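Next up: the structures, one after another.
Next come two complexes, and both contain chain A; in the first it sits with chain B, in the second with chain C.
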Partner chain A sequence: MTIYSLYIFDRRIRHCICVYYHDWHRTRRPKSAVEGGILPAVSTAVFAPAADANSSALSGYASPRNTLSSASGIVVAVNEMNSQSTASPLLQAPPSPIAVSSTGLAFDEEVKLVYGVVLSLRNMIKKLSGRYEIVDLSENLPERYKIYRDEQFVNYRTSAYKLHLFETLSGYKFVMLSDPGIESMRLVLRQIYVGPFLEYVVRNPLISMDSKEHGIDNEYFRTSVDRMVRGLSFYL
Partner chain B sequence: MAIFGLWVINKAGGLVYQRTFADGLAQLTSNEYLILAGTLHGIHAITSRLSPIPGQCSGAQVIEGETFKLNVLLTLTGTKFVLLTSPAEPTAAIDTLLQKIYTAYSEKVMQNPFHTPEMPIRSEAFDMSLTALVH
Partner chain C sequence: MATSSKQYLTRGEELWKGRSEKVNAELFALTYGALVVQLIQDYEDYSEVNKQLEKMGHNIGTRLIEDFLAKSNLGRCADFREVGEVVAKVGFKSFLNITPAIAHTTIRPGSTGSAPPQATNSAGSSFSLTFDENPLAEFVELPEDALEGGLWFSNVLCGVIRGALEMVQMQVQVEFVSDVLRGDETTELRVKLIKHLEEEVPVADD
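For the complex of A and B:
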């Protein structure tokens, strides 16, 4: 029983925008994303190392955000590519992967596949169930304030892993890959949303939520998600 | 304890058999069922590629919603049997049932000399053995 990875997708349905990625016991990794295939500040683990030195030298002066990472060593704002090199006091040492093999897919392609599967299954389940009910039956509310609720896709299982989805009302999609033996991760995903996500992302004034340029990765968020997942009873 | 329906999807992703056993899910047109079956066929192929660990990985075997789930049996020849049930249904019981349905399929459909492989199944004998199995 273990946890493999976590993806968070933006609320814009038509575009596949992965804003955060984190992995734990994953022994089969994707290749680095091609340049421009994925937003910066999603995960430091999957970036193309190419042009790193170049861009960090440039953005070190150009980016006003960089002032944040200098003194304290703690980046509360956006985790730029170059902050990978700065030793952070908050993050634990990344798990030393044993015999990591590659999926043969680039990370950006993998993200698209995950999003495609999740979105198609979600629509398929909605269509099949035929459930479409109004939660709030206040009669004098205008149409646009009523809350509709329909069937949610929860998870799927294969022989090697299980994929769980939690979608917030605002449309953020939390996707987690775990061992197939784990019953349900919805509560955990909800906790990540209610705890670290609200605290360090939504309430963080330095993160623009619908940004087309940046993910939501920052050290506090990553650390508390990491701590939460490592504290789970089935994280071994 | 409810079994809502059964789909049989051929190896090309076409829906060759669809039957509803109990109410509880939306009533869709045959065209909509065809689209959903094709989608499921594609998703099934992708899910086997997303494995985070090395080694063989099957496609999705169980897909769960809040009030129902889809149980998929992929046979060696590429035919998929999809059973729509309530989420409380135990996995072991469903697996046996799917195996029995597969047996009925090979006996009543594949052994029928008038049946064209990969084409829609119109067989009273198959219908009857399914009714016996499910109820």
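For the complex of A and C:
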């Protein structure tokens, strides 16, 4: 019973833009993304080392469990992502390194797959339930406009993992992968949205929310998400 | 409709009361005033100031909507009429502690405002908000040249509404049609639905 990883996708639905990644008890890591495959400030663990990557980024790779040695740091350091070589006092000491094998899949590919499955599944579900309507205003309209009717899938389960989805009306998608035996994490994902996300991303003027250049990773957000997830009763 | 309208009023009230961090209304009004004055000095052109205020508002709105969605926990509105109710009774109430009067209008060709004449089947595709009180415009008197220049003092509100609704897949046109600061009898803001932004499935890439 544990939690593997968390992905947050941008509210622009038409593109797969992963703005945040965090993992916990994940035994097999994806390979780091190819350069340009993923935005900076999404996650340190899988972010392709930039040409000028310093020792901090490298040590991050040496102990792959250490997702918290945030090399991207606070996003104020836009042009010097790797400038923060020392771990911040805010972050807890990294857990003891465990040998982590790779899934053999690059992170940017993995992200696309996760996004793809979420999007296809939710569109299929909407179509199946027959409540999926888009009305173009240029057509002749009935008096009351029809808009999308919401019907969201909450999670799906395989023998190996369970995928949980929480989507906001604005289109942010919070996706969590966990152990298959776990109960619904939808509320937890919502709490992440209402709590840390609102506080450290939406209200953080240093984070541009619909940026094409940067993710939303920052020290406070990462720390507080981490604390929240570690505090869950089924986090082991 | 009447019941849900009341529900929205209560919801807005609750949200306003539950909001822990509030800003002094006078400080708020004076800060906003200072901002507008600074813009006027910087741009020296009132229509440009209107534009900049709208743009600022848009940036505010795109973030504010997340706060709103997270706190209000409301579902998606069934139609644009409901959108209007929520904007007026929950949105304005929870952020500014005002509830503008809402009128769902049919835009008639040749009506006031610069809204382009619309086919008559667009009933319900727009609403107007009439502000009895406007916290932005407390203590404000517009000088003669601002009046002549066509300054919409509270134009930031237009941007906020546009930005916020854009993030929930509605493209709207928002503009002031009258303002007491200009000597009009009411302060009225019109919101017109242009279209629902469609979701698109990303292009397959392999």
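Everything below uses one rule, namely that the second predicted complex is superposed on the first by the 180 of 236 C-alpha atoms of A that agree within 3 Å, B and C clash if a C-alpha of one lies under 4 Å from a C-alpha of the other, contacts with A are read in each partner's own complex, and residues count from 1 in each chain.
Following the convention adopted for this analysis, a residue touches a chain if its C-beta (ideal position, glycine included) is under 8 Å from a C-beta of that chain, and two chains touch if they have at least 3 such contacts.
All figures in this text were calculated on a predicted structure; none of them were measured in a lab.
Contact with chain B, but none with chain C, is seen for A:28 once the two complexes are overlaid on the shared chain.
Contacts of A:127 after superposition on the shared chain: chain B is touched, whereas chain C is not. By the touch criterion defined above, A:210 reaches chain C but does not reach chain B. Shared-chain residue A:36: touches no atom of chain B or chain C.
In the superposition on chain A, A:231 contacts neither chain B nor chain C.
In the superposition on chain A, A:202 contacts chain C only, with no contact to chain B. No residue of chain A is contacted both by chain B in one complex and by chain C in the other. Those residues of chain A that touch chain B in the shared complex are 4-5, 23, 26-28, 101, 103, 105, 110, 113-114, 116-117, 120-121, 124-125, 127-131, 151-161, 163, 177.
Across the interface of their complex, chain A is touched by residues 25-28, 32, 36, 39-40, 42-43, 46-68, 84 of chain B.
Taken together, the chain C residues at the contact with chain A in this complex read 62-63, 65-67, 69-71, 75-81, 121-125, 167-169, 193-196, 198-202, 205. Taken in their complex, chain A has these residues touching chain C: 11, 13-16, 112, 115, 119, 123, 134-138, 140-141, 143-150, 168-172, 193-194, 197-198, 202-203, 209-210.
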